[in-house]
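Shared between the two complexes below is subunit A, which pairs with subunit B and subunit C, respectively.
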Partner chain A sequence: MASMLEFRTPGFNPYAVKYSPYYDSRLAVATSANYGIVGNGRLFVLGLGPAGIQAEKAFDTNDALYDLAWSEINENQLVVACGDGSLKLFDLATGDFPVMNFAEHKREAFSVCWNPIAKDSFLSSSWDGTIKIWSPSRPTSLKTLPVGNCTYSAAFSPTNPAIISCGPTLPLLSTGQTFAGAVPSEILTHDWNKYRDTVVATGGVDRVVRTFDIRNPAGGPVGVLLGHEYAVRRLAWSPHASDVLASASYDMTVRVWSDASSAPQPQPNTIPVGNQLGVMNRHSEFATGVDWCLFGTGGWLASAGWDQRVLVWDAHTLLRG
Partner chain B sequence: MGAIDRLSQLGSQITGGASAGGKAKLLEKNPDDIVVTAALRTAICKGGKGSFKDTYAADLMAGALKGIIERSNINPALVEDIVVGTVLAPGGGATEMRAASLVAGFPDSTAVRTLNRQCSSGLQACVDIANQIRAGMIEVGIGAGVESMSTQYGPGAVSEFSELLESHPEAANCKVPMGVLSEKMAKDRNITRASQDSFAASSFQKAVKAQAAGLFKEEIHPLKVKFEDPKSGETKEIVVDRDDGIRDGVTAESLGKIRAAFAKDGSIHAGNASQVSDGAAAVLMMKRSTAEKLGQPILGKFVAASIVGVPPLLMGVGPWKAIPKVFELTGITKDDVDIYEINEAFASQCLWCANELGLPQERINPKGGAIAFGHPLGCTGARQVSTLLYELRRTGKKVGLTSMCVGTGMGMAAVWVAE
Partner chain C sequence: MADSMCGPSNGAKNLLAHVDRDRSHHQDRLVNAPQAGPGNAFRSQTPLGNGAEMAFGGFQQGGAPMDATFGPGLDMSAIGHAAGGRAFGHPVPGVPTTMGNIGPGAPAARLASPATGCTSHQEWVNQFSGMQLGPSVAGPSTAMPAQVHPATMAPMSQAMNMQHAPFGGMPMYSGAAPGMFGFQNPTMNTMQQPQPALTQDNAAAIDVEAFNRAFGEYDDANFETELADWTETQKLANTEFAEAQDKWMAEHGPHLEATAEAQPPTAAEMEVIDADLEKLAQEQDKKRSDDELARAAVDIVNSVAGNTSDKFKNSRFFELMRRIGNREVVVEGDSFVNATTGEAVNTSHDDNDHDHDSGFGSDSATLEKSGPAASAAGVAQSQHA
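Our next item is the complex of A and B:
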């Protein structure tokens, strides 16, 4: 673990980190003062250069920031999920204030996801128990999906613009499909596989990462990944390999896994267990964010944690053997 | 949302469990819950001729406050503020209620104020106390309400409207008498005389049954008062421990014979509207952590309240608008509520709101309502708290809601959980 770039966010605890889908050298971090309990938020946009990581821009908000998503149609724009329930669209090219403010959620907005296919929409989920779908150009939501429970995580399918998935107690699709006997406790995060368009990974309070195939909702998980010692806070499938995913956890580690999909046919009636490829244990507080760089040779990750640090590193340095 | 909510929500991401929504979240017990450790009311007696006809509002309040001290055994010096909802008192009753608290045994260090939000004053008083506790302004407080309609009900209750107010049509509507506007609303909304009479009769029948079974015993604090016998003219001391407006043998048919009071072809009459009454009620509130520290028994907790405005001429629809709003604030639905205490200002409006919201009849006012035992204006909102919490406890149920329409066009609702 020799080469690792570091950026500090003094006074602010990161909740999410995301690479720009346009530049290999740009990433954004959503942070909150006082661990997001009370106080301001700050959105950092960071540039990677020969001198390490530099802050290109910072936007301040009145309340904590819990998540962010880059726009898929405008390289300068990104949207954040705010503790006051609002979503704010910032533009790197204009001033210090959001270009749009979307205020409908009644409680903390906790996740945002830009639609990667129908690029003129994004969604948000909130502790108010709803998911809302928005257009970046309209101040009011296009649609509200009542989930009923506090939703920590919601996402569009990367291959079908119409499919939305969400937590918190069971993976659930907007088609109304739920997964039988799937997860015994709250889901805090999930992500769609970038290659296999029916595979979703979930992580949450019970520390186990599970993969599901939406074609077989009654069949239970198709794989489990065991190792985290506390709740799993963030998952990200690799954009470079169909079986690789990264997870960030309250146990302060970020882990890289291979799910069991490439293993030989499993025994009947057993759930395949995936392999942990490596552990990144350089965060000294809860690890809350992890994301893969879309560009280059593959394997570059950014992670963020409540230790007020953003770390950029190459997963290859973790791999055993 | 507050920092404590956030902290417990984020904490639950590690430990699991506490992030439940809806009803499950309502039933959680947290140290910063605002809990009720004592709630009581006086009997409610008929205005003008009932047992409290010679008792001043302040005396009723002093009696109820004394009852709270006796029942809870709280050190009165710990009570930092008392809010009394009262509607008809000249000068807002501020002076008398301060005096009443001293009579009841509170030290001069206990602050007192009154407020007037018409028929929801008693509830507003409880909500104000809860909010003061939540905000950290006080630790222990009493929300209360009182009305002596015998001594203070009359034409003087509203002062003359200025030309300015009279010239504004919607403003001028604010002083249309409630019977008149409710009559119009009943007609417009097609609430039949028969349905009102049957609703009212069932209120009487439920109250008769509840009274016979002694279900009001727990909530009523008996008062010893002076009473002038109208026949002999002799003044004697009596102990009042039961509602004297509850009449046995009332049926929809018997109510059907009464002449309408506000319009010749109208549907509202004395039998299907709330009674003019006297009474007082009080609710002792504090944080759960404080209650545990003081060893106070917890009857239930206050969750949230809503306030809405509606057109003055449609004041009766208040609960219809306030109840969904409090559901939104608490994240529950109408099916999560075990008992509704909705004030029966008029059978017409209570019935209309319940039907419009699709609330199940059997969960509304199980011990009867204001039609059967009266609506002492400022008292009602605080009275509902003890009626509700004791009934929830008795039946082993949990979630309750109190609501009422408010004169001049408002509605209030609050969610409570019994423990």
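Our next item is the complex of A and C:
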């Protein structure tokens, strides 16, 4: 498939891939040796060019890397979540070592998210049951939010800098109010819709992707997306379409969906079911990361899997099918 | 009785221990326990077993008249009072008074010759019967000095059974009332064979002289050899046990090195000890984490056991998990190594290029084939567009 670009991360199994918010041709991959069970981690910064995908920079860490987030205020910086609980801020222009190290989590740090509005802060979630909010310029956390669970994912609302959501149970508001939507199983990943500021999509071990409206916590999901055969590991709403999202799963596929929001008004007391637009089936191990490119015509995706490959592809090739 | 409860033990060991210390006690404890009572087979060959229980059982049945008084575990003062108020409660030196089956004093028993040996039971019985019934037809059994002979005879007969009855209940009565026992005394029940004769001849006077003579003859002729035989047997048994015990202790008991050094360790030694302990803790930690990993790996593999797709069948991750679950692969430092060869396990996916192009991935939508020309550059451009 010529329209698919590939990059190998030999010896390292990707856990996350993210496009740079500054450049359409730059993306970063957080990887871990030995599937993150033992060994080191490596952060790849990749550039898309005429010769395909090239590694621009690689940072080695002593422990596995589980997630990464690009800085919103410095185009050269990005933060990673480490298996030893630390967070490391790397700068592409500065050597091989992190410019900042944030070591407060007691257990594996599993996700990081940069605040897209209040851009001088980011957050991390850890298996120690806390979410911490940080400033990139301060070595200690600004705030610690006890969640009490293994928090697999946490994210800022893209429209309100004070709202944080997190898994695995339910999104949490920074005001301390807990969103009480009914989710029957552990949430491994979730993402805020980029257009409808109250809509969150969740994916987890029950293989179902659900969308919620936080204005109606007790109302249950406003849509469900059925199709993954194993747990959903990563979700990403499209930056270009309000109803499109991509999901990466332990069933080794990446799927692109349209939620049911654009469908005509559903029957009362039924949960609308979204459409699967396409399946990208090229990964030969767990698909762990997926992200949309913010630029260009839209529809370009990067996905990463434990087959030690990063694939860049155009979702339109699926849609057109 | 504590002997039979504490630690590895056997009848032979206890028996010899008692023999070595105090013959009378030994015999006291060896009394007619296994004999169920009058009329039972004299010196019947009961299997070597739990001597204490058998002794108690024998006591219960054989000592019928005293049963009400002497229950198990009765202490000696009680025995003393029950036995006519005589001051038997004074403990004999070396004999714990709490041992309910040991009669205080036991003078009669002490008088007894340790007639041991069991090689010729029947012969002995015949001899005994003969010497009692034969020459002493006219002998008045009532004249028989109960203080000496019944008690003497009893231990003898008991001694024949001592292998079967390491712990006797006999002293409870034989020792408790020496001199009190007449022929009606249950003590005499231990002499089952002679008893009918004696009672028959009750009216006639027993020829004490003849009895003593016959008994002495027997003693002279057989006692020493029988005793020697018996002692030899017991020593052999005890040696075997001691050897087994020594062996067991060498394997499982506290080791000499541990006790050899009683001084507190020096700082340098402490450092070594600490390092050792730390190492031990780490090893245990590692083992625990290895176990957890193997368990988790098995769980992971099992969780997709029903999946028959080529992707999952050919997954290197699941292959690795299978091998970890089978303990073929273990964590060593920062990598996976083969448990047997110690070689690092290659988890790189680079060497199986064909896997990626072998058509696992068939996207649900047909992807337009672009020519090689429309490659990366085109992609980048399209994104810029």
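Going forward, the second predicted complex is superposed on the first by the 310 of 321 C-alpha atoms of A that agree within 3 Å, B and C clash if a C-alpha of one lies under 4 Å from a C-alpha of the other, contacts with A are read in each partner's own complex, and residues count from 1 in each chain.
Just so we're on the same page, a contact is a pair of C-beta atoms (placed from the backbone, for glycine too) under 8 Å apart; a residue touches a chain by one contact, two chains touch by 3 or more.
Fair warning: this is a prediction, and the values are worked out from it, not measured in the lab.
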On subunit A, do subunit B and subunit C fit together or clash when superposed? clash
Applying the document's definition of touch, where does A:36 land relative to subunit B and subunit C: first, second, both, or neither? first
A:293 contacts which: subunit B (first), subunit C (second), both, neither? second
On the A-aligned overlay, A:106 touches which partner chain: subunit B = first, subunit C = second, or both, or neither? first
Using the superposition described at the top, determine whether subunit B or subunit C touches more residues of subunit A. C
Given the superposition on chain A, at which of 7-15, 205-213 or 277-285 does subunit C overlap subunit B? 277-285
Overlap of subunit B and subunit C contacts on subunit A, residues 35, 37-38, 230
Subunit A contact footprint on subunit C (complex, rising order): 293, 304, 307, 311-312, 314-317, 320, 331, 333-336, 347-350, 355-356, 360-372, 374-377, 379-380, 382-385
With touch defined as at the start, can you tell me which subunit A residues reach subunit C in the complex? 1-5, 8, 10-11, 13, 24-25, 33-35, 37-40, 48-53, 229-230, 252, 276, 278-286, 293, 295-297, 300, 306-309, 312, 314, 317-321
What residues on subunit A touch subunit B, complex-wise? 35-38, 64, 83, 106-108, 127-129, 148-150, 152, 168, 185-186, 188, 205-206, 230-231, 233, 250
Subunit B residues touching subunit A - in the complex, by the definition given at the top: 1, 3, 6-7, 9-10, 12-16, 19-22, 328, 331
